[in-house]
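Each chain carries a letter (A, B, C and D) given by its place in the written order, and its residues are counted from 1.
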Amino acid sequence: MSRVLSLAEAVEQHVRDGDTVAMEGFTHLIPHAAAHEVIRQGRKRLTLVRMTPDLIYDQMIGMGCAEKAVFSWGGNPGVGSLHRFRDAVENGWPHPLAIEEHSHAAMANAYDAGAAGLPCAVLRGYVGADLPKVNSNIRSIVCPFTGEKLAAVPAIRPDVGIVHAQKADRAGNVMLEGIVGVQKEVVLASKRSIVTVEEIVDEFGQRSPNAVILPAWTIGCVVKVPGGAYPSYAFGYYKRDNAFYKAWDAIAKDRDGFRAWMKANVLDQGPEVFAAHARKMLQAAE
Amino acid sequence: MADYTPNEMMTVAAARALRNEDVCFVGIGMPSAAANLARLTHAPDIVLIYESGTLGTKPTVLPLSIGDGELCETALTTVPVPEMFRYWLQGGRITVGFLGGAQIDKFANLNTTVVGAYDKPKVRLPGGGGAPEIATSCGEIFIIMAQSKRAFVPKLDFVTSLGHGEDGQTRARLGVKTKGPTRLMTDLAVFQPEPGSNEMIVASIHPGVTREQVSEATGWPVRFAANVTETLAPTAKELETLRDLHARTRRAHGEAA
Amino acid sequence: MSRVLSLAEAVEQHVRDGDTVAMEGFTHLIPHAAAHEVIRQGRKRLTLVRMTPDLIYDQMIGMGCAEKAVFSWGGNPGVGSLHRFRDAVENGWPHPLAIEEHSHAAMANAYDAGAAGLPCAVLRGYVGADLPKVNSNIRSIVCPFTGEKLAAVPAIRPDVGIVHAQKADRAGNVMLEGIVGVQKEVVLASKRSIVTVEEIVDEFGQRSPNAVILPAWTIGCVVKVPGGAYPSYAFGYYKRDNAFYKAWDAIAKDRDGFRAWMKANVLDQGPEVFAAHARKMLQAAE
Amino acid sequence: MADYTPNEMMTVAAARALRNEDVCFVGIGMPSAAANLARLTHAPDIVLIYESGTLGTKPTVLPLSIGDGELCETALTTVPVPEMFRYWLQGGRITVGFLGGAQIDKFANLNTTVVGAYDKPKVRLPGGGGAPEIATSCGEIFIIMAQSKRAFVPKLDFVTSLGHGEDGQTRARLGVKTKGPTRLMTDLAVFQPEPGSNEMIVASIHPGVTREQVSEATGWPVRFAANVTETLAPTAKELETLRDLHARTRRAHGEAA
C-alpha cells in the first residue's frame, strides 16, 4: 500500500547506490523533480533505464550518478544531441558510461514483459539491423508453429521505478491521462516505486470506467510535487517548455556551464521550485 | 511563383508522395512538416500517428517533441506506447513510415547510431528509436534527407535500419514482406529504387538543380533513371500552407522562452 | 474505412460458409443480434472462436452453424451448462463439433498476438495441467535468457471478427467503454470485421484522452442495432438480463423446445426486436 | 446463534480465511459470496479482482456472471482482458485465488473439464477458464467445494488445474514458486495441506459434523490432523451480512424476469 512521503524521504528510502533505476514518461510526465532529488542526494553507480534519456538523464549522467544507460533513443527531441550523454560515451566524462542499446519497440515490449512477469519479450524486431551484433541481450526464439525467427530481449525489472502522474487520491491510488507511455508498465515491473503527482485529491470522482489508474497497492510511495514534470509537462496542468528544451542545448554543451547551471538550479534548490516553473507554463495550458 | 528554399522543396516533394488513404507513422522534424502539409493540402483524410501513442492526430502547430501535448489534444485517442509498437506498428496497420538519418547508402540503409566504431564512436548519434521496426513493419518507407557526401556514403558505419540491404536483395532473403524505401526526397532530387536492383536512382531533379550538383553531393556513383523529370516546383498554396505552419509553430514554441 | 450497412448486408458481405468467426465481448457487449442474423442467413461449417461460448454460440451450435469451437470456458455463467454445446460435443447433435480448448489466459494472449501481428503468443501457462496433452496447438518455447520453459499458442487471426460497441461517430470510428474484454484485439486481429453499435452520433465530443476507440480505418463495417447485445448488456445503455440467462437453461435443455424458441425468437424475427428487449432492461440501467 | 446451512458454514469459513491485506482473484458463485462477505465484515480493505478486468470492485449485489455491470460500476478501474491475465494475474500481483471444480483429489488437483475420456466425454463440463493459470500464478489458492464421493475422487479424469500434483511434490519439481492450495473449505470441514506430504488433511470439522460423515463423503481414505478443531460456527453478524447480500442479489437478478 502506497504511503505519502516527502520527496527527500522517498528518494532516501527507495533509491540506493548501484540500483537499476527507470524513470519513465514518454516526453510527457517526465519525473524531473525526482531526478533532481536523486542528484542532490548524490546517488552513484546507477544503471539508468529509459527509452529516451532526454534532459533528465543528461543531467544525471553529467552529475556522475550513472555507470550504465539502457536506452533506445538518446537525443534532445527536435533539438539535437544530449551533450552530457555524448561526453560520457565519447570521452568518459565525468566517468565512463556503459551502454545497452535497444530499439523503442524492444524496450516497450521489455517493460510490458516486466509488468507481465515474463522473463523476456518477443517481437518481430531488429530484422536486418546491426544492433544485435553489439548487444548480447538481443537474442531470438523460433515460433513453434510457423518456424519464424523472432527477436527476444530480457524483461526490464528495475530495482526502482519512478514516474510522475496527474493525481493521487487519499487512498494512494494514482491516475494519469494523456500520453501514458510506459508509465504503468514501469511501476508494475519495478521492485520499488515512487510516483510524484501534481495534486492529491479526496476522490477521483467522475471518470472514464477505463481510466488509467495504478492501484495504491502496486505503488511504493506517493509524493506531491506540483510542477514535478517541468520542463516536460502534465496534460491538463501545464505545457511542455519547448523553449527550455532548446535552451538546454547551449547550457549542456560546455562542462563548466553545465555544472554552474546544475549548482544554481538543482543543488541549491529544492522540489518547491517546480511549482514556480509550472506556473510560468500555466497560462499556456488548456 | 514565390521563391522557395531547397528545404521547402524537399518537404513539399515528401508531402506530395503521401496519399489521402495513407496511415502514416510520423517522425519529428521534416517528416512531421511534410505529413501535416499533406493533411492541410491534398490529403485531408490522411491518418497521422506519432509513436508517443497518438492516433489520428491533427496538430495545428508542429510538435517539437514526439509527444507534445498538441498531438494528444488533437488525436482521436491516445494509446500506451507498448500498444503503439505492438498493435499499430508491428500489427501491420501503417502504410507509410518516414525515416531520416545521419548516413544513407545507395540501397537506402540508414545509420542514426554512430559515426566511427560502435564501441569507440567518433560521434555518438541518438540511435535508432523506432526506426529498426518502422523500416520493416510499415507498408513502405519514405526517406527525407538533405544531400551531402558526408551523409550519402558508400558504406554505413552502422546499419541502424534496413533499407534494401547490402546488395539490394536482403528484404526478400530475410522474408520481409513490406516494400522498404520507395522514395528518397532530398534538397536536390527525388530518388526511387530501380526495379530489380533496388538501388536508389534519381527519378526527378528539383528545378534549377543540375545532374552535376546531385552527383557531387552523393558519395557513391549516382545513377539517373532513363526518364528523369524535373520536380514540379512548390505551388503558391503549398508554400503558403507550409510557411503558415512553420510560423504558427515558431510562435507556439517560442512564446514561453 | 468502415461503411455503415444494414445488419443483413453486413453479414451477407462479410461472413461466408466455412469461415473462422470470432464474436467477442467478455460477458459485456456480446453481439447477439449479429449472431441471430448469421443463423437466419443459414451459414454453415463455421469455426467459432470465443473465450466463453455463452448463449450466443449455444444458439449457433444448436442451429447447426458450426463445425468447430475454439474456446476456454463453455458454461452458462453462474447458471450451469450450455446444453446445446454439450449435446453437440457429447452426442454429435445436430452434427459433431470439433473442439480446440485453451485457458482464458492463453486465448486472451492469442488475441493479443493476433492484433500485434505475431505468429504466436507466449505465456507462463498450463503448468502441470492436462490440456497440452489433448491440444497440439499448445506448445512451448524456452526463454533464451533464463532457460525457463514457457507456453506458446498460435495467434488468433479470424476471417471475421464481430463485436458490439456503444457508439460510432459519422466518420465510422467506434468507441466502447466498461468491460472492454478482447473487443479491440479481435477487430485488429481479424481479416474482416463487423461492429454493431447502440447508436451513431455526429461526434464523440468530450471524452477521456485515452478512450477506447477503434479508428474507422481498422473496421470493415458498422451497423446500428440498438439493444444488439441483449441479453448481454451495454454499459451506460441497459443492464444484463440475468433472469433470461437463468431461463435459458430450461429453454436449451430440450432439442425441440430449443428449436421452437429459435423459430419464434430468431428465425421469424429481425434485428429490430433487440431495441424492444433493451427497452425492457432500460429502467434497470444506471 | 441462528440456524445456518452447511453452505453458509462453508462460505463463512472461506470468508474468514481472507485477510484485510489480500488481493483476491474472485470467481463466480461461492468464491464471490465469500470474498464479498469478507469485505463486508472483517476485511474492508481487501482488493477484489474479477477476471473480466475489474480492479478493486465493491459490488453491492453479487454478480451472476463474471462481468456483470455492477462489477465495473463499482470498480476502481476496468482493464482489458489480455492486460488482466498478463499484468495482474501472471504479473504475480494476486495473493489469493479461489477455485472450485467438479472433481478434486487428495493433493487438491482439480477437474472442471470432463467426466470420462476427453475425446468421448460422459459429461462435458465448462472447462478451465482462468483456472490453469490462477492455480500457479496466485500466491496461494483457496478451494470451496461441497463434499461427496462423486466429487472427492481418488483419481481425476482430467487435471484442469494443478494443485500439489500427482504425488504432492509436483510444484517444486516444475519450479512453481507459489504455494498452491493452502485451504479447502467444504460443507463439512476445512482441509489444509499436511506439511511435507502436501496431502489435504482435515484441520477443522464444522459444528455438528462427525469424522464419519467427513470420511463417507470423501472418495479417498481421508486423514485428520493431530489437532483437529471444531470450526467456529458462523456469528450472527456473519450470517446476517451473508443473507442480506444474497437477498439483495436475488432481488436484483430476478426483478427483470
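Going forward, contacts are C-beta pairs under 8 Å (C-beta built on N, C-alpha and C of every residue); 3 or more make two chains touch, one makes a residue touch a chain.
In this text, all values refer to a predicted model and were calculated from it rather than measured experimentally.
Visitor: Tell me which of A-D and A-B has more C-beta pairs in contact.
Guide: Taking the two pairs in turn, the one with more contacts turns out to be A-B.
Visitor: Distance-wise, how many Å sit between the C-alpha centres of subunit A and subunit D, to the nearest whole number?
Guide: Going by mean C-alpha positions, subunit A sits 40 Å from subunit D.
Visitor: Just the number, please: Cα centre separation of subunit B and subunit D in whole Å.
Guide: Whole-Å distance between the two chain centres: 57.
Visitor: Rounded to a whole Å, what is the gap between the Cα centroids of subunit C and subunit D?
Guide: Comparing mean C-alpha positions, subunit D is 28 Å from subunit C.
Visitor: Check each residue of subunit B and list the ones that touch at least two other chains.
Guide: Those would be 72-73, 78, 86, 90, 137.
Visitor: Where in subunit A do residues touch at least two different other chains?
Guide: 112, 117-118, 123-124, 148, 178, 180, 184-185, 209-212, 235
Visitor: Can you work out from the touch definition every pair of chains that touches here?
Guide: A-B, A-C, A-D, B-C, C-D
Visitor: Hey, which residues of subunit A end up touching subunit C in the complex?
Guide: 117-120, 122-124, 137, 139-146, 148, 150, 152, 154, 177-178, 180, 207-212, 235
Visitor: For the complex, which residues does subunit D have touching subunit C?
Guide: On the subunit D side, the touching residues are 28-29, 51-54, 63-69, 71-73, 78, 80-82, 84-86, 89-90, 109, 113, 118-119, 121-133, 135-137, 158-162, 165, 170-171, 174-176, 252-257.
Visitor: For subunit B, which residues count as touching subunit C in their complex?
Guide: It is residues 23, 47, 55-56, 72-73, 75-79, 86-87, 90-93, 137 of subunit B that touch subunit C.
Visitor: Where on subunit C does subunit B make contact in their complex?
Guide: 112, 115-118, 173, 184-185, 188, 209-213, 215, 217-218
Visitor: Sort out for me which residues of subunit A touch subunit B in the complex.
Guide: Residues 26-28, 51-52, 71-75, 77-79, 81-82, 85-86, 89-90, 101, 103-105, 108-109, 111-112, 123-131, 134, 148, 178-182, 184-185, 212, 233, 235, 239-247, 280-281, 284, 286 of subunit A touch subunit B in their complex.
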